[in-house]
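Two complexes follow with chain A in common, the first pairing it with chain B and the second with chain C.
Take a look at the complex of A and B:
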């Protein structure tokens, strides 16, 4: 959330004059030692927690990815360095590249649907009366607050081939061939269920942020636009979108990261099946690493996944830094 | 999530490595005074559904008498995901004596986590173990485990429905069985003549063995998938025919949903399962449940079966090797093997087979003559682990994929998995 709220504030029209020069806030006298290190002390717990819970495992994962670590090495506590063997094997394997391509396509489809859906719901929130807005907000919060494993279980039941509500409903509508349709029998239909689950679970976040961001656009801008004869589409493309560009950018990148590393839903819906055709990179790493006890190989897949995300993030930070420079 | 898990395992392994080094010196000191077992604990991991409660209680009592002061901690583990649990257990020294599935024993033995029991074999009663049951405990000529109990699948049927369908007697050939299933299909109140999901690979494995084939074959020192063989194709024809009598999902195995639950509803003619999968007495009276070996193509012998079972092993890093071996001796003694036999399982000595008199055991022992186990390979576990290429293969062909090309594709996968570096 912090990622997009900052640029939104900086960018929102009508606020630029209100910005105070930061210097005036500093005390005139020389600051005491405590007040100088206070910010760092306050940051310390977060930094320690991040290093312990993310940094250290990350370092270990990178180290493991250069080892031949299977059950034998784990049981006997031996370390077998094998250089870039794991990476060589992965980068020359068709399976890895197929899975990568699938992950990218999967991420693209999900993110587009989430952003379009979330934006539309956000705009709706902004236009609704207070009662309906509350109603919709409660619905969104419930979807957002539901634990992922519970969400997945519910979807598994909804799409059950014999007792699922979806098949029953389609059958009632007259589509009788769907009465006992097995949604997990093909790659596309399995992906359909997974994508629906992820999009449904992610829309509330985008919608709430969109709504929050919309409230920063002053009404005068809309009025001015309308006086100039702009329709809804034009208002969105000429007023809303330019004002909220940093919001769209930040949220899109967050969603890219979340969907790309999304693990639970894909694994729990159908274990990456049928025929391993819905495995995305995190599931692939899990099956190779934990499932088949090739911990070194699993780590290498994880590191490559992190590198791919890092490239994406570098692009994002470049845009952000450029914007900061411009301001 | 994944990388944190790996790292956590890695960290745990390192910490434990240090601990293990520190403790190895101690075990020598206590050897001088074997009578004092105070404060020592032996942890035994048994699998869910293996040992009856009376067996566990008896073993505990005998252990307490024989090793005064020592504590026996029996923990029951679930089959689901047990591989990772045992690997970490062997790595961090949290288990002393453990039950391992017979198809998985070679895998654990090759990690170096199981103690070489070759010298203790005779003392454990190993001279009388049935040779075919002991095979899975041996790797490269060394005894890494001891055979505990075995079992195989038979047809479990609903007597009331069979009578209603006008079937007298049990079938002696597959053709007779198909005819019976046809009769059941035509009977009112029968939802499906047999419940057989598409991924019940144990039955398929048995059928291949019955055809004289192998699911994987040895080429020199390497092993390769053998689904392409004529025997495997023939066996799959039988499986497909049997499966066509079932409305069970083609992409699930017998555990999802548990086939016992389906059968217990009372409208399913039969299923292929193990003794413990028979319905509980509260769901279906025991005298309504019958058992017979899956018949073969000819009346002279039943179909082949997968010989499932469990071995008992000692962890290499156990701090109390004498206690662990002592416990193993109690567990494998005729007294407790007899209890396993009476509960319907095949014991490790053929001399105790006569005790297996439950209706299930009688059918199972008749079928076990034609039984086979999976190749005794360190990497075999990878073939069984999800996503198992055998199960995926079965689903694909049952859903209409071409047999030969699909078999080729999955043989390649099996070959890769079996050839992976240790």
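Take a look at the complex of A and C:
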């Protein structure tokens, strides 16, 4: 592909003298040198920043994962390479596989709830009258706009054992054993709070996008389906879903990636506790690395997590690139 | 479009229930922040606080280094957003207006960078920053936050730029502008809404960031480079069960973002989010 600039008929800036517009079609005789390298100059800052601030940390993560780097080495600034030891230790430890399984289950539960919930809310938005729609949209925006850290403090307060409104509500419903229940005492109930928090915070995004996508389906399609006697379920499976399939696939993968690497909510709710039973992979890497000062090991966990994410992202990009031929 | 009254009210009832589900935590945060302590720890929750108090806001804002952290948060966030705007404007102009070898590859890298796993890269970032003796400083925060929002900024600005008709630029050039002048005088003004929206979303991302600052800026005390998310997560351990103060702190932290979102609601819904915005 020849390098060519956009149809700029004017002389390029900065070149002295009149450079004639080239008559020949040879690629080398394009416009002036400056306008040929202009795009690269414009991209230079972005490329430098990406290499230095994103590329280097990525490489560094891989390098660290082959090192025996604990508190002592950190303080003494020594580098001890230990080959694949970290990986061998990880891949043979039950803890790592438990955490991986937990992360996958955690992601699956969250994404299913987010996608089903978001789709239903989006369909509802499409069905409501304009006033009620605005009303519900305000509620969704409020949840969506809450900063994640504020979300977690609020949820800790809602689920507080003594004065939390959730326990009070459950008690009122007649579930008296919940009156002073400590939600952070068991793995399952801690996960319940975390999942509720993430689903609550993520549904608005899906619902809004779903609604926006629904408005692009021409009304004639619905009417035709209805004339043919299709019910709501049939309309969804035969009309809505096929036209929005790319949307569903794209959003689902986006959510999978987001939830899989989700960190703040899991850490801030209960620090991965009780007894490290709610650690997902990113939190596990952080606690192993930073908390327990096993930086090399933490990096190895990070590398394995990144590899899993890379597989997910590869699928995501296959979907995206199919839709976006204009890039 | 006939729809039975029952069918419609059924949808409306669900809408109200959902509204409560989504809005209640926010409502509860704000009202708790204004409640008297006796109302906060009453046996029956007080749903409509009438005798409000500002006491909790005084407690929260009077906490050690609160204003310093507000300043830090603003410096880190604004620095990151401004930096990424400058870099992204240049880059998005190139990818939306020029054809060159490697364009597609660059766009792909940007799309992938948008999903960079920052959450698991904290250890290596810590090592890099430590080797530069830059721990407990705002400079690395500005730089890395800039990088976190850069891909998204490039991606969305590219969309806004592509929407500006090429003919406008060309006619400016026919009138004797250089390409750079045409950009500054014609395209840039039209980009203002795009720049605004993009930078506000960048603001939200950087404002929210926790994992990196958590590992980089551990030292507390005067002159610390900690930011508000860090302050808020450690707030509870400092203030124990003072839920009024905690909620007041959360409210103050959330207000800038809530305002931005309410302003941007329409833009947020229309396409801007198509790739990557998450509150």
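Definition applied: the second predicted complex is superposed on the first by the 261 of 327 C-alpha atoms of A that agree within 3 Å, B and C clash if a C-alpha of one lies under 4 Å from a C-alpha of the other, contacts with A are read in each partner's own complex, and residues count from 1 in each chain.
By definition in this document, a contact is a pair of C-beta atoms (placed from the backbone, for glycine too) under 8 Å apart; a residue touches a chain by one contact, two chains touch by 3 or more.
None of the values given here were measured: they were computed from a predicted structure.
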item: First, second, both or neither for A:274, with chain B first and chain C second; value: first
item: Partner chain in contact with A:68 - chain B first, chain C second, else both or neither; value: first
item: Chain B versus chain C as contact partner of A:286, first or second or both or neither; value: both
item: Touched partner set for A:40, first chain B, second chain C, both or neither; value: second
item: Of chain C and chain B, partner touching more chain A residues; value: C
item: Partner chain in contact with A:168 - chain B first, chain C second, else both or neither; value: second
item: Which of chain B and chain C A:295 touches, first, second, both or neither; value: both
item: Which of chain B and chain C A:60 touches, first, second, both or neither; value: both
item: Partner chain in contact with A:262 - chain B first, chain C second, else both or neither; value: second
item: Partner chain in contact with A:319 - chain B first, chain C second, else both or neither; value: neither
item: Overlap of chain C and chain B interfaces on chain A (superposed complexes); value: 53, 56-58, 60-61, 63-64, 263-264, 282, 285-286, 289-290, 295, 298-299, 302, 306
item: Chain C partner contacts - residues on chain A that touch it in the complex; value: 1, 3-10, 12-14, 35-36, 38-40, 42-43, 45-47, 49-50, 53-54, 56-58, 60-61, 63-64, 121, 124, 127-129, 132-133, 135-158, 160, 162-163, 165, 168, 200-205, 208-209, 211-212, 254, 257-258, 261-264, 267-268, 281-282, 285-286, 289-290, 295, 298-299, 301-302, 305-306, 309, 313, 316-317, 320, 327
item: In the complex with chain A, residue positions of chain C that touch it; value: 8, 11-12, 14-16, 18-23, 25-26, 28-29, 32, 40-41, 44-45, 86-88, 90-91, 93-95, 97-101, 103-104, 106-113, 115-117, 119-128, 143-144, 146-147, 150, 154, 166, 170, 173-174, 178-180, 204, 207-208, 210-211, 215, 228-229, 232-233, 235-236, 243, 246-247, 249-251, 253-254, 257-258, 260-262, 265, 268-271, 273-274, 276-279
item: Residue ranges of chain A touching chain B (in the complex, touch as defined); value: 53, 56-58, 60-61, 63-64, 68-72, 74-77, 161, 182, 184-185, 263-264, 271-276, 282, 285-287, 289-295, 298-299, 302-303, 306
item: Complex interface listing, chain B residues touching chain A; value: 1-11, 13-14, 16-17, 20, 83-84, 87-88, 90-91, 107-108, 110-113, 249-251, 316, 381-382, 385-387, 392, 395-396, 399, 417, 420-422
